[in-house]
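Dropping the structures in below, format is structure tokens.
Shared between the two complexes below is chain A, which pairs with chain B and chain C, respectively.
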Partner chain A sequence: MVVLKKQDELVWKKRTTREQWINWFYWLIGISIVLFAWKIISDKTVWFFVQDAPRQAADIGSRMIPPKWSYSFELIEPVWDTINIATLGTVIAMIIAVPVAFCAARNTTPHSTVRIVALFIIVSSRSVNSLIWALMLVYILGPGVLAGTVAIGLRSIGFCAKLIYESIEEIDANQVEAVKATGASNLQQMIYGIIPQVLPTIAGVGIYRWDINIRESTILGLVGAGGIGLQLNGSINTLAWTQVSTILLVILATVFVSEWVSAKVRGAII
Partner chain B sequence: MLKLENLTKRYNTGDLALQGIDLSIPGGQVLALIGPSGAGKSTLIRCINRLVEPTNGSAILNEVNLTKLSSRALRKSRRKMGMIFQEYALVERLTVMENVLSGRLGYVGFWKSFFRKFPKRDVNEAFRLLDRVGLLEMADKRADELSGGQRQRVGICRALIQDPDLLLVDEPTASLDPKTSRQIMRLINELCQERGLTAIINIHDVLLAQMFSQRIVGLALGNIVYDGSPEGLTPEVLTKIYGEEDWSATIEKVDDEYEEA
Partner chain C sequence: MMNNVSETLYPKSWKKPPFIKRSWLRWSIIIGSILYLIAALLSMDINIQRVLEGLPRGQRFIESFFPPNFSDNRGVVWEGILESIWMAIISTVVGVALSIPIGLGAARNLAPLWVYMTCRFIIAGSRTFPEIILAIFAVKLFGFGPFAGFIALSLGTIGFFAKLLAEDIENSSPAQAEAVKATGANWFQWINYAIQPQVMPRMIGLSVYRLDINFRESAVVGIVGGGGIGATLNTAFSRYEFDTAAAILLIIIAIVMVLEYASSHLRKWVQ
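Moving on, here comes the complex of A and B:
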């Protein structure tokens, strides 16, 4: 924002003329880059296949109908596995994430070195996708539900700890100060002044992550880490399209239920 | 009873908030600290219980030099200093009872306080105090359900359950309407008299300060510029504390307010 004096009048504008030109110039560069990138992608695309896409999609679609309902009974166990992977993974993640968050928050960290370690844990957990964690863990722990659970857990630590530590940093310091003024120890200030303020966030984050993890754990089977993804992968490889559509419907139903549960629980906490 | 000697505070920003305060308060005295925003009133009372670390000087409460205490000994001394805050500073998501009992945290161990296992004596005292301020039926309500005046009463109970020798009161009425302000100030005053408490009350409102205190100290830019009786607040004195302004209305009203109160 600029305030200029022209003759005897004060003028208020968003930008000066010079800033305006610079602004246009940046837009020009930005749009040029987008168009150039578009051209590269377009050159490397085999348009023959793309033109064919609607017909292919319709073809696969028609093969999927009707879903093979009888197959859904075989899916009960994998769905149960999937839910267990997500739930256990979230529980493990939260048990680790809460202390990490308290070490990472500026106002509760015991020492700045501890804070750096905590932030490193958060970043490294967040930078690796759960599918990649699973891929590695299948080699380390062998294929199965355990690898999936640990993968989900490792991926969720960073996410949960980050959201929780940000909320710890935003608490009302007056409430903590008041508890401190009574002669309370540091730990007592924590349980009386800080935890009550962040408890809704901790619960909310846990539920939110569980909701995400239900969806994430449906694909972990693709790399052999247990759950319904295993059946999905097998069905696609054997071109059993009616089974694929059944699996997709079951996943949809599961996600729908988890969505409903988390909405209910969140409503109850806050 | 409380003695401040050359108490000085310089913030990291370089602001000299307190410029060597010397003040002596006998036991049982209710002292009002007035002065414009930024005069150092909040800093002064926070330097006493060391929520703010003073840069220099000493604060001596009952022969104990607070500024020299280790953190363990300081916690022990803080138990004898109750504090009441401007925005109440209740823990919003805890119940009224938990807030009041948090005044006993200095006396109760960690696990006992974690499981809310306070001694029967403390719980009885909490009920008695809540009854005294008229909030007994609110004991199990969450603090954020209360009105401003009610919250400040809970804040008062939290300070009193500490069984303090000294009450540090920071702008107790700044967020309250005029009527509630008076009620709260009267309550603090009565409780101080009942228990023979010494109190330092930071307050913006000159009228309330005159009505409810025995001694007034005026602070300007970190220095004491007035120390005397409530009656001694003349327009000249107020100008010295706050700067040039038409003070006639503030002074005149005093007598009317006394009648009404």
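Moving on, here comes the complex of A and C:
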């Protein structure tokens, strides 16, 4: 913030002239990058299809109404599968994520090499999307709910372990020292000094990830890994639009319920 | 007598307090989850034989990933990566630009009730459906290619960014807002000088984080035809070129690591 003197009058400005020019320069660079990106994308676009899109949207929309309500009874089993994929996947992830997190946290890791390995596990699990995990696991385990569950589990390890290890690094060291002062062994320090401090985070992260996993498991069926995505894919491929709209509404309802449950449970814990 | 007093004052044993205090709730949660696990595992229909058959196949599958082949399809992979990066940049910029009015509208302290409800509805709709489902519809409407992916990722960005922006605005200090209002500022000046400086640092951090997410998501929208590295990855899988697929996965991991490192540094620097 500066006050400039202009013809014996004081003028308030947010930036000096120099700062203003530097600011414009950054904007210029940013806008050029965006325009360049836009050019690349638009070169690869068939604009005829894009112009046609509103008509297509209206057409598909009109075919989707009314939803085929009778179909929703056939969806009970896929929804059950979807919830199972998310829940069991989260359980698997948490079982693996907690030890990984303890290895990755600077203050509890047994050795710095172990820490690097743990961090690598976290990053590679996080970078590969659950759909890609599912794509690979369907090759190994065969199509079905099991591949989806393992995919969700593998994908969630990184997320859970990252949040947990960050909270382990932020614990209050005094409490651990107090437990140590009573003559507790390393394991006892862990159980009575560290775990009670991070337990709410662990539970919270698990619930939060479960909520995300419900959403993710609705699409795993696209590559054959079970759940409601299988029906969605089938209905889209057979152009059964009334079924598609029913499925979308069912997904909407499931996600809303899961969000409500997770908000309630997190509210009770924290 | 003395002995008796010391015993009452200092109990000899101590039990850890349970995580959930109400015992009926604790037990019903434990029993309920055990019953659920049994039901879920029974309905999963695990075909042990198929899994056992799959394990040696899985081993061969994993072996065929090594060594990752960076050279054979270099041109295609490079092109896919660049396309993903451009897609991530443009969809983050457009998504954030669209999120700002929606986020302002979804903040209860700025907007009247009907605007608030409309904006919250848009956010909820965008958050519910994963980017892949959005991408399927975008591909149906706009045809194959990165444009569909760009639309899907932009829509996905709205749900994420507008929600966090709205929450941040709702948590901003009303005192500063009132001070600026008291100077006679109009609505735009009010937003620009009172609200924006309060939420800006966090928003910059979040947009870099979203760029990171959009890059990762661009690796999967390609599976349903949305362009980017996902299309290349899917082709590599369907052509059984697993060594190329491994190379692509490693490149994705490397870029995500760089982005994550950069974004955490930028966030620290901004705050």
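Basically, the second predicted complex is superposed on the first by the 242 of 270 C-alpha atoms of A that agree within 3 Å, B and C clash if a C-alpha of one lies under 4 Å from a C-alpha of the other, contacts with A are read in each partner's own complex, and residues count from 1 in each chain.
Just so we're on the same page, a contact is a pair of C-beta atoms (placed from the backbone, for glycine too) under 8 Å apart; a residue touches a chain by one contact, two chains touch by 3 or more.
If you're wondering where the values come from, they're calculated on a predicted model, not measured in any experiment.
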Open item on the list: If we overlay the two complexes on their shared chain A, which of chain B and chain C does A:V3 touch? Say first, second, both or neither.
Closed with: neither
- [ ] For A:S127, decide between first (touching chain B), second (touching chain C), both and neither.
- [x] second
- [ ] Applying the touch criterion given at the start, work out whether A:Q175 contacts chain B, chain C, both or neither, answering first, second, both or neither.
- [x] first
- [ ] Give one of first, second, both or neither to describe whether A:Y192 is in contact with chain B, with chain C, with both, or with none.
- [x] both
Open item on the list: Which partner chains sit in contact with A:I65 here, chain B, chain C, both or neither? Use first/second/both/neither.
Closed with: neither
- [ ] Mind telling me which of the two, chain B or chain C, contacts the most residues of chain A?
- [x] C
- [ ] Report for A:I41: first if it touches chain B alone, second if chain C alone, otherwise both or neither.
- [x] second
Task: Touched partner set for A:A184, first chain B, second chain C, both or neither - done: first
Open item on the list: Give me the intersection of chain A's contacts with chain B and its contacts with chain C, in residue numbers.
Closed with: 192, 196, 199
- [ ] Could you pull out which chain C residues touch chain A in their complex?
- [x] 16, 19, 36-37, 40-41, 43-47, 50-51, 54-55, 57-58, 61, 82-83, 86-87, 89-90, 93, 128-130, 132-133, 136-137, 140-143, 145-147, 150, 216-217, 219-220, 223-224, 227, 233-234, 237, 249, 252-253, 256-257, 260
Task: Touching residues (chain side chain A, partner chain B) in the complex - done: 172, 174-175, 177-185, 187-188, 191-193, 196-197, 199-200
Task: Of chain B, residues touching chain A in the complex - done: 49, 51, 75-79, 81-83, 85, 87, 89-94, 98, 102-107, 110, 113-114, 155, 158, 162, 168
Task: Residues of chain A defined as touching chain C within the complex - done: 33-34, 36-38, 40-42, 44-46, 49-50, 53, 56-57, 60, 80-81, 84, 87-88, 91, 123-124, 126-129, 131-132, 135-136, 139-142, 144-146, 149, 192, 196, 199, 203, 215-216, 218-219, 222-223, 232, 236, 248, 251-252, 255-256
